[in-house]
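Can you keep this structure in mind? I'll have questions shortly.
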Amino acid sequence: MTTITTDLAQTIVEKAQQKARELNVNVCIAITDSGAHLAMFYRMEQAFIGSIDVAIAKARTSVLFPLPSDEFGQLIRDEQLTGMELTNQHLVGFSGGIPIIRNGSVIGAIGISGASTEHDKLIAQYAVTDR
Amino acid sequence: MTTITTDLAQTIVEKAQQKARELNVNVCIAITDSGAHLAMFYRMEQAFIGSIDVAIAKARTSVLFPLPSDEFGQLIRDEQLTGMELTNQHLVGFSGGIPIIRNGSVIGAIGISGASTEHDKLIAQYAVTDR
Amino acid sequence: MTTITTDLAQTIVEKAQQKARELNVNVCIAITDSGAHLAMFYRMEQAFIGSIDVAIAKARTSVLFPLPSDEFGQLIRDEQLTGMELTNQHLVGFSGGIPIIRNGSVIGAIGISGASTEHDKLIAQYAVTDR
Amino acid sequence: MTTITTDLAQTIVEKAQQKARELNVNVCIAITDSGAHLAMFYRMEQAFIGSIDVAIAKARTSVLFPLPSDEFGQLIRDEQLTGMELTNQHLVGFSGGIPIIRNGSVIGAIGISGASTEHDKLIAQYAVTDR
């Protein structure tokens, strides 16, 4: 598999919803494919409208530069990569984006936005783990 | 209900998938809320990458100007509404976008893209009908 | 091969240059991968500056909707797909973009711009043919 | 020579590839002309998709403000040039962009992205040096 299948995207979206409900938060869930194109999107009831674009940007970021979005942000700040977040339309450098890796290949990414950055990250991690 | 619920969006996305499978086509399915913001998005396996943006644009168009997107396009062409399709970031004036109406109110819209315009329209109509 | 290799992109760019020299025209040559991202770009001496963006747009168009860009344009005009060319940032609907297909899969596309549409097309066709 | 020739651009792109292979890294290589327009682009196998736009932005930056892109970034930060990186579509203020100077004139620039900023800079410096 070089890019995420619809079935796997669906499974990951459902796991993200389940974790968000456990944490009692409302989030936007975005899945991008290996080309950083939107594969699936799910907005939970009452999630912020502003989180739509953030969730999609996190998922794009974590494919374009295959790192968790918070690690990518740390790199931007540590290395003073002035203007990096303006490239590729715009990128996001905080928790909630995670690459989806299978057999060592980045086949896509998830982006979660709407809760605290800690909760966004927990949801993303739970959803992409291969179990 | 003033805007579409997540449950209703989910139901409509599933009905659209079902109809697309019946017609043996692969499409992108977008649902926008009453504020023209993305509520849900589903890309079927093998749907064109280019159809992602088109499906979302159709669903945005049919909330911003609450008409089926093909009727909106006819209006643009008949009335020579020069530049109209350039407004609101960009709009789409052909089949596949339909407002979702409940109790006389526009609570959102669906946008389908990826098959012929006739099939896109059939899928959208089937999915939004209240049965 | 699911997306174009650098070696194949290089070969196609060189074949395009060779054909352009035969025709005594100066063009821009763009190659996109299967995700519509730029893989390679070559501007021949004296090619119009304005052709840079056109060549890239043709190559993006022919991946996003896997058709020769002139056939895609014909579809837009015949079916009155108002606003279609404004989607996906912007698309191009005239000769010069051709999908690159190997073993039945679209692995990328070429976009040629700078000469007449007939010559742009000839160059693109010559360059992508598998010989 | 007021702007870079295709032959010189080609030579510089090849020297950049050679240095990148020596360093065992995969990068995107962009060359802009004296008008900051793309002259040539080469993406090495496995280079990040996100590096395409960054490499082009570095090469644009180093023509628009004829400085190495890291020195330009330092200037933005030291002088608190708020919003500078948002101008000209967007600019990049870290290592990897270098003006190409011949006979005291800026005839173009190179932008390298995909490795560490140190390696990106080494590759750019090696490629543009006139030997």
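Letters A, B, C and D mark the chains as written, and numbering starts fresh at 1 in each.
Keep in mind that, in the parts below, a residue touches a chain if its C-beta (ideal position, glycine included) is under 8 Å from a C-beta of that chain, and two chains touch if they have at least 3 such contacts.
All figures in this text were calculated on a predicted structure; none of them were measured in a lab.
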Contacts common to chain C and chain D (chain labels): A
Interface sides of chain B and chain C: same vs different residues, half threshold: different
A-D compared against A-B, more contacting pairs: A-D
Euclidean distance of C-alpha centroids - chain A vs chain C, Å: 32
Whole-Å gap between the CA centroids of chain A and chain D: 30
For chain A paired with chain B, centre-to-centre distance based on mean C-alpha positions, whole Å: 25
Multi-partner residues of chain B (each touching 2 or more other chains): 49
Pairs of chains found to touch, sorted by chain label: A-B, A-C, A-D, B-C, C-D
Residue ranges of chain C touching chain D (in the complex, touch as defined): 5-6, 35, 37-45, 49, 52
Complex interface listing, chain C residues touching chain A: 2-3, 33-37
Touching residues (chain side chain B, partner chain C) in the complex: 48-51, 53-54, 57, 73, 76-77, 85-86, 90-94, 117
Residues of chain C that touch chain B when the two form their complex: 35-36, 61, 63-66, 79-84, 86-88, 91
